[in-house]
Every structure is written in C-alpha cells, then in structure tokens.
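Note that chain A is present in both complexes that follow, paired respectively with chain B and with chain C.
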Partner chain A sequence: MLRRTTAALAGSATALALLATACGGTDQAASPGKKTGEVTFWSFLKGSDKVAEAFNRSHPDIKVTFETVPSGQEYYSKLTNAVKAGTVPDVAVVEYPHLPEFAAQGKVEDLSGTLGPVVKEKFPEAARQLVDLGGRTWGVPRDAAPLMMMYRKDFFTRHKIDVPTTWDGYRNMAEQVKKADPAARGGVLYTDNPGVLEALSWQAGGQWFATEKDSWKVTVDDGPSKKVAAYWGDLARKDLVRSLSQLDPFWTSVQKDRTVAYVCASWCAGAHQATVPDQKGKWAVAPVPTWDGKPASGMYGGSSFVVPKGADNSGAAAEFIKWITTDPEGMKAWVSSGTSSMFPADPKLVPVTKAAFKTDYYGGQDIYTLMARSYDAIRPGWTWGPVMGATNTALVDQLPKVADGTVSLPGVLTTAERATIEQMEQRGLKVTAP
Partner chain B sequence: MTETSTLDAPAPAPVTPPPPGRRPAARRRKGAMKSPSVLLSKAGVTAMLGLATLYTLLPLTWLLLSSTKSREDLFGTNGFALGDEIHLTENLGHLFTADDGVYLRWLLNTVLYAGVGALLASVFGVAAGYAFDKLAFPGKERLFSLVLLGVMVPGTAMAIPLYLLAAKVGLVNTFWGVFIPGLVFPFGVYLARVFSASYVPDEVLEAARMDGAGEFRTFCRIAFPMIAPGFVTIFLFQFTQIWNSFFLPLVMLSDQDLYPVNLGLYVWYSSALTQGHPEDYLLAVVGSLVAVAPLIAIFLMLQRFWKSGMTAGAVK
Partner chain C sequence: MASPSARGQRRTAVLLLTPFFGLFAAVTLAPLLYAAWLSLFTTRTSGLGFGGTENVFTGLGNYVRALSDEAFRDGFLVIAVYCAVYIPLMIGGALVLALLLDSGLAKARNFFQLALFLPHAVPGLIAALIWVYLYTPGLSPVIDLLASGGLDINFLSVDNAVFSAANIAVWEWTGYNMVIFYAALQAVPRETLDAAKVDGAGAVRTALSIKVPMIYPAVALAVLFTVIGSIQLFTEPKVIYNASSAIGSSFTPNMYVQTAAFQNNDFGLAAAASLLIALFAAVLSFVVTRISRRGSQS
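Up next, the complex of A and B:
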C-alpha cells in the first residue's frame, strides 16, 4: 500500500509515467459475456446523452448511464486514474491520438475477440489503422475527421481570388488575401493545438510512428513532415497566416472578417456555423489543397470507444459500442440535434448524417460528398504514438514562438521527437533508432 | 560594513556627485545595487502596486463585460468594451436554466463542500491548534511535526492517493469523497497554534480552571471566543482552498449532479469550442462571474477579521 501511494504521488507529478507498464498485445481476448445489465458511459461528445437515451429505449435489457466528463488532457488523466483504482466506466470515449497510449499500457480491454470482426467488416483501412495496434483491436471508430478547407466565398469572389487546390496555390491565395485586405489572412497556425499540423504531415506522407515486432519507430521530423513544417513556418513568419489560439482569439478573428480561410476537418462545418451563425451564406467548403494536386488527406480529430480495463460489464458494453458506431439508429441519435457535421467512420452511415445536417449555412453545398472524397484519400500507414500527450505538449510549448522566428517549425518537430523518445524510454517502451 | 571601512577601501570613488536627494550611503551600492533603490522608491512601489492591481482587475473586467454580451458580440467586439447589446439578463436566464438548472445544483454543492467543509475544518483546526499550544500530552511535538509535514505536501499531490483510498472504501463518485478530504487542514492547525499562543494568555485559562471550569468548557467559553479572529482567517483560507480545488473533484466525481461549480464550468468550457456547442462557452463565462461573486462577498464581509488575523502576533 505504501509503495502504491508513493508511486501515485510521483505519478501525479510526471503524468503517471513511472507506473506505466508496456504490456500491450499480450492479453487474452475478452470473453463475450452476458449482454444485459447496467453500463456506465463516459463521454464529452456532443449528442452522447441522446445516444444513451435512444439505446435505452431500444434495448430494454441494458441500462446505460451517461456521465459527462470534461474533454482534453484532464479527461485522460481521470480515465488513467480510474483504471488504476478499479473504478472505471464500462464504455469510454478515447480520441484516436490517445488510443495507442491506453492500449500500450494495457489500460483498455483487447476487443479483438468481441468487436474485432465488426471493425474489420465495417470500417475502411483509414479508420482501422487507428484502432488496430499490434494486430489487435483496442477500440471502435465512431467518426472520421478528414481534412477540408473552409473559406469565405464572398471575399474570394469579391477580390477575384481562386480557391487553391495545391499548397503552392494556397500560398498565392494567402498573399492575395493580404493584399486585398491588409487586416485579413487566408489561414491559421494554431499555437495551442498541433492537430492540424499533424494532419497535414499525415497528408504529405509523413509517418511519425510505426510499430515493429516489440518496439516503436519514432520519426516525427521525417522528410514529408519537415516539408510541411517548413511551409507553414514560412507562412507564419511572413505573416501570411495568423498565429493564434484556436479558442476565442481564432473565433474573434473569424467573427471580425480577419480570417477568411482555414484548414479544418469535416466536423468543423457544424462547429463553424454554430459559432458564427451571423455569417450565414458567406462561407463554403473546399477540398484540402495537396502537394501534387492529386487527392490526399489526413485526419484532424475523430473519436473511438473503448472498454477500459476492469469494466464490470464488458459484454453489454460491447453491445452498446457496436450500436452507437455501426447502427443507423445509433448514428441518427448522435446527430439528432441537426447541428453536427461529423463524418461517420462507417461509410454506410453517411446518408444518415448527411440527412440530418442542413447545409443552408453553406448555401446548400453538398459538403458530405466532399468529405467522402477526402475520407477516401486519407493516406494509409499513419499510427499515433504511445505518449501522444507528451508529444503534443512538446509541440505546443514551441508553437507560439514560430511566428516571430524564435524557433523554426521543422526544429520544433525535432524537439518534439526528442521529448517523445525520452518519455517513451522513461516508460520502458522500446524505441528503435529512427 | 561601516562608513570608515568604505572610505579606506582602495576602490575608485565615483567622480560624479550623487544626485541630489539621495542619501550618501547609496553611493556605496554600485551598479546592480542601484536598481532596487529605484524600485523601492515611492513612485516605484506605487507603480508596482498599480501593475498588481491591473493584473487582478483586468481579467475581472473582461469577465464582467463579456458576461453582458451576446455570442456574436463576445467574439466580434473588444474584450474591454461593451458589446452592441446588453445581454446580461438573457445570459443569466440561460445559465440558470441550462441542463435543467444544473448550475444551481453545482453552486449548492460548492457551498456544501467549501462552506460546511471549511467551517468544520476550522473548528477541528482551532481545537487541535489550541490543544497543541495549551495542553501537555505525550508525543506532542512529534505529532505536531506530522502536522507540519502535512502543510508541506501540496493538495494536488494528495489527490491521487486520496482517490485510490476512496476507491478502496467505495467513496468514489459520492459527495463524501470530496467533502471528507476538505475537513483536513494541517495549515489551519498550525495557524491556530500560533493564534492560540498570541491571543489566549495562560493566566486566563488558569483563572478559569480555578473557578472550576472543565477543559472543554474552558475551550468553548473562554479560549474559542478569544481566537475568533484567527478562526475566521483559517475559515477563509480553507474556504478558498476547497472552492478552488479542482483536481480532486475531477478524478473523484463523474456524476454531474455532484460537481462543484468550477468543475462544471470546466466541462462547459473545455468542450464548448472543440465539440461545436459554442453556447456553452458563453455559459462558462457568465457562470464564472456568478461563481466569483460569493467569494468577493465573503471576503468583503469578513475582511476585518482577516486583516486582524494577518497581523496577529506581529509584535510578539
């Protein structure tokens, strides 16, 4: 007990690194078990309450209790501690970037035996690669978040600016925007969220992480990623894109017509129209530009569901997860508010979400077809790392210094790689030289 | 160092005469030593206090102004100016009705966790501090060093061990899981011992004993009223500590109906813009304003105790 307390004390200071055990991939597949009883469900996703209600209505044998949790790093430390204390919910949301961390530390149940076949049957490679690790299935995808570009159609038309299809074109666009209106910019480099930068590295063919037999390969600053970083670092330093926080500073710039284009993902269409409702009709969605003009994409966001280690009722939990990720009725419940533009990871469910999301804000544009194309173009081979919290922290620490030239963005990737490897070695994960 | 030794020193004397008004001794402080004296001058101190005041008041001003804005104005107008329309009433109405009035529930929880918790913690703390000061019992100083050890360990570091313990006894996700840890306040015990030593003369207690009062009666009727200002100080300390405590409720609670107000606001804030329900963002802003109001009120009401507590024992 004393040992445990000391360990926990140290753990709270170092993001629980010391307790980590690298034991992924050795667990027996969970037995199917019973499919009745009570299920507790942790989530911060919009519509979670509706999904739980709808499930309870159609499944009288299972009672799901939904509990709202905060999102962000705090949530993951809460979930980690719950696993340690044995007070876990039966179903929990985990965003893709964090899933390998939980899988590698044995904090989620191996779902290969129960939901593995469902994942294999329903989801394309682009989503599967995010929940399968070491040949086993650790979570079930809910939504994919293929990249898109949002832009002010009225501004582009008024100043005769073409919608770019390549990154060279995007730079021209950013220059034209600044020339047309010195207060406006055609893009953003978020200072507090590396998600877009990661997605763009992914799109360019970067592979930050890869698993080999029993070790990890870490190449955060590989060629394609460095190319992306150099490009965005340059745009930020030349003040062609804004460098600001993705929270109110960003939305303030949108509201004040100072950001007229930005790279985002499928879900952003809904978030955007909810946040700046009075700019209705001014915005449109376009495919994300690519390096060579051929379709290519990555993901910014997206969530999966897991059964945390030690869950009381994993049988019923699996049933619930299956329904909320692959059943049309389940998907319908997620988007019942009509304000979510999430793109289901199961392509068969796209009609459900498409029907629920009214696109009059975007002048009736068929944005789901654009998203579907982007989803198909997601590059295979991307894996998130096992200490993504540390990787992201290392990135975010440096991102605000890019615009004024204190650090170079490719250099930031190198720093993040070093921090990542250090953290992995501390946790006893094997890292082979990049 | 004396004036003579400075004069004897072979160091080259500055050629320029000291600026008028400066004490001659200042000449001895060269280079880097000069700046503190500038900072400590009246204007310097006033400027620093002014900065500190701004640092404290600017966020509050932002909060106050933002709470009166509509969502469009929140992003569309300057943070330190009024919006185009005053939306305070609508915002407050929205705040108290959102999610079936869960905000009121959070406020009530916080009052129970922080108010009742701090009250009990202060009673226990004062009683313990008094005992440490006035009573003789075996192992007293050793026990007191244990209390001091408790003062050293920050509350956040205790959150995880407390959580693991609570999981063992089944208090996770219950009211008691957050309430009980709030009753323990080692710093309060330490303060109470100091207060007891400076406010309660031993002679008074002797007189009380002579008149036949028991220990408990002496404490309740004589010592406690004398420590009252200290009691308020301890209460305020612990009240703010529980009110601000975030990590413990975060790991301990997952039922929204048990949340204290800061955790609830964080849930709204953290997912508002990233999960695409920006209306929660405004709720978090208005909710924060309403949540700081009781703190300000309680400090204004109790500040005379607080002040007298701060200087207690200054001349001892």
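Up next, the complex of A and C:
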C-alpha cells in the first residue's frame, strides 16, 4: 500500500514537471506545419501507457490513444492483418528483426522524408543499420540491446571461478560450474528462441544478410556464424549448457540455482530482477565474453517504431515517434516504473534511463557503463533479413534436436539458410547465391 | 398443375429450407470458394522488395508447392501415427467402459458416467494447458514422482510428443464416446439379452457377441468423427509447441497452414493446403464409411 502511494506521488510529481515543460515549451508552437489530431498507438512494451499519457499532457494538440497488444508472433500477424484490412494504428512497435520483413512487404510507410533526418542525426551506426534499408528509413529506434552476461556472484566466489572474458574462458567456466555442482550449469541454449545465437553470430563478425544494389546476399552459415554454432552445439552436446525453452523451464532453472550464468542483453537486468526477486544481491552483470578478448558485441532484442501503411495521421504519428524515441521527457516516461533497464538507442538519453533504474538488486553495480561499452562495441554491418519469420521458424524447428546430437548446430544454420532463400525466391526477391 | 395443398406444402418446404441453405452458403460455401480463389494467387515482389508487392495468378502453383513440401507431407505421417495410437485406445477404452457400465456389475452408474464424461466438459485449450503443465520437467509433480521411482521420462521430447498429444485426446474424448456407446447400449432389446442368458451366454460372451454387434453403427460413426477430428489436429500440438518447442511449426497439416498464413504471410499457400486437407478428409471419411458399411453387412 505504502509503495503504491509513493508511486502515485512520484507519478504526480512527474506529471507536474511535465506540465511545467509543456506550458513553458515554445518550440512545438514555433515548428512549421504543426501536427494535430488523433493518433492510435500499438505497443506491448512496458511503459507504453505512461509514454502516451505523458505525451498527451505535453502536447495538447495531439491525442494519442494507446492500445496494448500481445507480444510475439501473434502481434505481427495482427499488424499484418490490420494492414490488409485497412484498420491500422498510426504508430506501432516493431522489433528490429521483423522490420525488414514489414518493409519488404510494403506494410510500413517510408519515413525517409519525415523522420529520416532525425534518425541520421541522433543514432549511431549500430542502431541506424537496423532501420535504414535499401537507402530508406523505415522505423525509428527506441532501445538498443547490447549483449551482456549475467552471473551468480555468490556461486562464482564460493567456488573460486573467474568471470570469463573470452569464449575459451567461458567454456572453462562452464566446466568448473558443472564440477562444483553437478546440478548447476553456466549457460543455456534456448530451444525456442534463436535470438541469442543470432546476436552471438553478429558479435563474432557473422553477417547473415546484406543488400547489394538490387539483390540480397544471404549467408546464414558464414564462417563466423558456423564457428559460434559449432561452439554452442558442442557445449550443448557435452551438457555444459542446458537446452531449455526460454519461458518457464529456463526461469525455473534460475530459481532452483541450476543456471548460474547466461548470456543476455541490457534489458535482461530489469527482466531478471522482476522474475527472481528473491535472489537479490546474488547476481552481477559482466561484459559478454569475446573471441579475441577485445570488446565486440551484437544485439539481442530492441524495438523501433513505425507508421504502418494506411495510417490516417502520419504527420502527428511522426511527431509522437520522434518524442518517444529522442526526447528526454519521452525517455523518462518509458522508464518511469524504475524497473526497466532498457538501454536507449540514442546515447544522449542514457543518463535518463540510468537515473531511473535502481541497481540495488545488483549490489549497486554501475551496469549502464558496462552496457554503454557493449553498445559502442557492436559490430557494424549487420542487417536482419526480409523473411525473418521463416528464418527463425527454420531455426527453432531444429534447435531442440541439437543437444541429443540428432542435428549439428552449424547444420541447423545451413538448413535455415536454405529455407530462407526458398522463401525469398518464392516471394520474388532477388537473391545472389552465397 | 399442383393442387393448392401441394403448392402450400412446397411453400412451407422452401420457407423451412431457406435458413439452412442461406447459412450454408454464407458460412460454408462462400469461405470455401474464397479459399479456392485465394489459392490461385501468390504475392510477389522484386529486387530488394522495398518497392511494394503485387498479387499474381499462379494457377495450381500453390497446390504443387504444398504437395511437394516435405513439411506438409510429414504432417500427414504424424497424423497417421497419432491415429494408430489414439483411435484404438480411445474407441476401445470407451467401448470397454460403456460395456462395464451396462453390465450388471456396475455400481453407482450415474456417478461414473458423469465422472468419466467430465474431462470432455473442459475446453480443449484448457485441457492442453493443464497437460502441458503435467508434462513440463521442473514443474510437473508427475515427472518428479516418476523420477523418484527411478523412471526418468521426458514427455515433451521430440520422439514422445505425438504420444503426449494423443494422451490428451484420449483423456478428453473417451468419456464422451463412452456416453454415446452407453446410450446405444440402452437401445439393445432386453428380450435379446434375456434370450442370450437363457442360452447360457455369460456376461463377456453377451457383451462381445450381442451388444457390440448391435451398437456397431454407433461405433462406426464415432470412428468416422474421430478420424476427421484427427486430421484437423491442432490445439494440443499447438499448445505443446508454444510451451516446449519439442515439435516443429508444421507438426500437423493444420499447423502447417497456420504457419504459412500467419508466420510467412503466404495466404495462397495456406488456402491451397487447407483445401487439400479438406479434400483428404472428405476422401478418408468416404473410405471409412464404406468400410464400416461393409462391416455392418457382413
């Protein structure tokens, strides 16, 4: 009860502050071609309601109506169907891996003219490469999701295990963990989510997709990605990491002290403490290991905002998108709950999120500095593919068979590449042979 | 020249039949035709794809694609394995239970009838969720119990998934079919049974030689419905798919259709595959009907 009252008080304090800025703000009134009217906004991200509220308070001429939607594949089906049926929202969230598919099917508006300059000015290459495709801007980044490693500080200290900085070191760590406690493992290979595997391929210098003039180059099983796959496939087969579904079984294993380290991204710090609150003080965050010991990273997750094709009010929508992705007040609204460790794609906004996220759970560790380093180390050149749904399905259909040796993980990449190219050719996309 | 009464009769017939044919056209024929129409087109784009898409006519291209896709064909194999396990177990179980209830041995008949029927009252989706909970290692008390007895079993492994799905269906449908069989058994004339008893037939003999043949039509109908239902298998594996990924996205033909439509946005392929499933179900039900008719005549 007390907590709720405090939250409410804090909420109204923010509201007052926002009201003050709204009254004092003159730059919207001065901007030419003022955008007004109603905007519908679809999102499954935490804090979306707060963002819409805060925007409405500071922008009296635009009324944003927030509609919560499910996350995951159902959402993308819903958005696709909305485009087909002509019942789209004006603003919608699309995670980076899905953006090229939406753009390639003509389901989102080309934002080059409206928000292109904003994207160019505010975001570093690491985020820009995910929303600029074929020379046009299709979405605006909200958060980046640079890789991190989570580990049980208490377990590592008790068994005198060093925090690994290289992947060789990570294998040693996994062996030591298993030796120290036969029930515990130092990692996980998700059987239902290829996201971490993709991010690690990215980190190693893999490049699954690239555009060359008017055709796509697809190399899901390129050298670096195969190296990563061979490494993780081996760890899984030797039972040094568990093969688990990302949902309950994984979190159960964390809860029961059976998973004492795992690779994740910036946002996981918040998700982790929300899921296993009673392990407070036991966990710490570390930089993700690399192949050569030099910083390198990729992204696991992250979201952008788009204007779906057929939106009624794309002018006001662009205004709203700009505010929620690049304005400090907008960013503040996203993290107003204080429990989100989201890392803004616009590096200037990091102080806002850093101030909002309490790191008591991690013993006051300065995790945002680690994340910022990981963000800087993201390898350039990664692009998601135009049929990512099919690519991911092909991967997930095979991942559960890796641990028992039915398939090899590098082989899974080859299968996924074949399925991807097949689907792309079926759609008429031009693919150059790898 | 129809007499006034015949004309009135015809008018009544038209009046009574219109709602049926109206609804039939609106909710069965129209969607079928629309699916057939969709199945002839495919969405194409060009180059990098950022120039938009267009719908092009492909004739039977989508049908060829579905039939030549191993994932789609494998779905039917899965259904075959599923049927081979599920139908004998479920129909056999329902029959045995119905005969037991009908025999003089049964006590508290109404109670058992209700208790056995109860699983069917649970919506399929909820049932699947409950079972997935029982199947999930780390959550399931059943697995813990078996493990403590030295039996380590993973219900959600790649090999076991089809049996786990069949088990959910057995749990759900045995009681339902048992009630149907039991009702059919009530219609068996008592004098026939009395005659059998006078002739010296025991309970088992009466059941096998008198009762089962007499309710054969009911059993055949249940098998028919079960076969058609099995081809449409979707809920149970879909829930297992979401929970564990032990089974693929195209595990059954219906899941293949859903993946094609909502994951790959390939509505043409999804429509073609749906019609193929419908055709397959129609052919199969014709075959089952033929076989069972021959069975009842012999």
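Annotations
We take it that the second predicted complex is superposed on the first by the 400 of 434 C-alpha atoms of A that agree within 3 Å, B and C clash if a C-alpha of one lies under 4 Å from a C-alpha of the other, contacts with A are read in each partner's own complex, and residues count from 1 in each chain.
One rule holds in what follows: a contact is a pair of C-beta atoms (placed from the backbone, for glycine too) under 8 Å apart; a residue touches a chain by one contact, two chains touch by 3 or more.
Values in this document were obtained by computation on a predicted structure and should not be read as measured data.
Look at chain A after the overlay: chain B and chain C clash there. Of the two partner chains, chain B is the only one that A:T87 touches; chain C does not reach it.
Contact with chain C, but none with chain B, is seen for A:R427 once the two complexes are overlaid on the shared chain.
Shared-chain residue A:T68: touches chain B; no touch with chain C. Looking at the shared chain after the overlay, A:R373 reaches neither chain B nor chain C.
With both structures placed on the common chain, the touch criterion links A:S245 to chain C but leaves chain B unconnected. When both complexes are overlaid on chain A, the residue A:K46 reaches chain B alone and has no touch with chain C. After overlaying the two complexes on the shared chain, residue contacts for A:S77 are found with chain B and with chain C alike. In the superposition on chain A, no contact is made by A:K358 with either chain B or chain C. By the document's definition of touching, of the two partners only chain C reaches A:P400; chain B does not.
Counting contacts as defined above, chain A residues 74, 77, 247-248, 252, 256 meet chain B in one complex and chain C in the other.
Residues 73-74, 77, 80, 103-106, 133-134, 136, 191-192, 211, 214-216, 245, 247-249, 252-253, 256, 386-387, 389-390, 393, 396-397, 399-401, 404, 406, 423, 426-430 of chain A touch chain C in their complex. Residues 4-5, 8-9, 11-13, 40, 42, 44-46, 67-72, 74, 77-78, 81-82, 84-87, 89, 246-248, 251-252, 254-256, 267, 270-271, 274-278, 339-340 of chain A are the ones touching chain B in the complex. Interface of chain C with chain A (complex): residues 42-53, 65, 136-139, 158, 243-246, 248-250, 259, 262-266.
Of all residues in chain B, those touching chain A in their complex are 71-72, 74-76, 156-157, 159-161, 163-164, 166-167, 172-173, 250-251, 254-256, 263, 266-267, 270-271, 273-279, 281.
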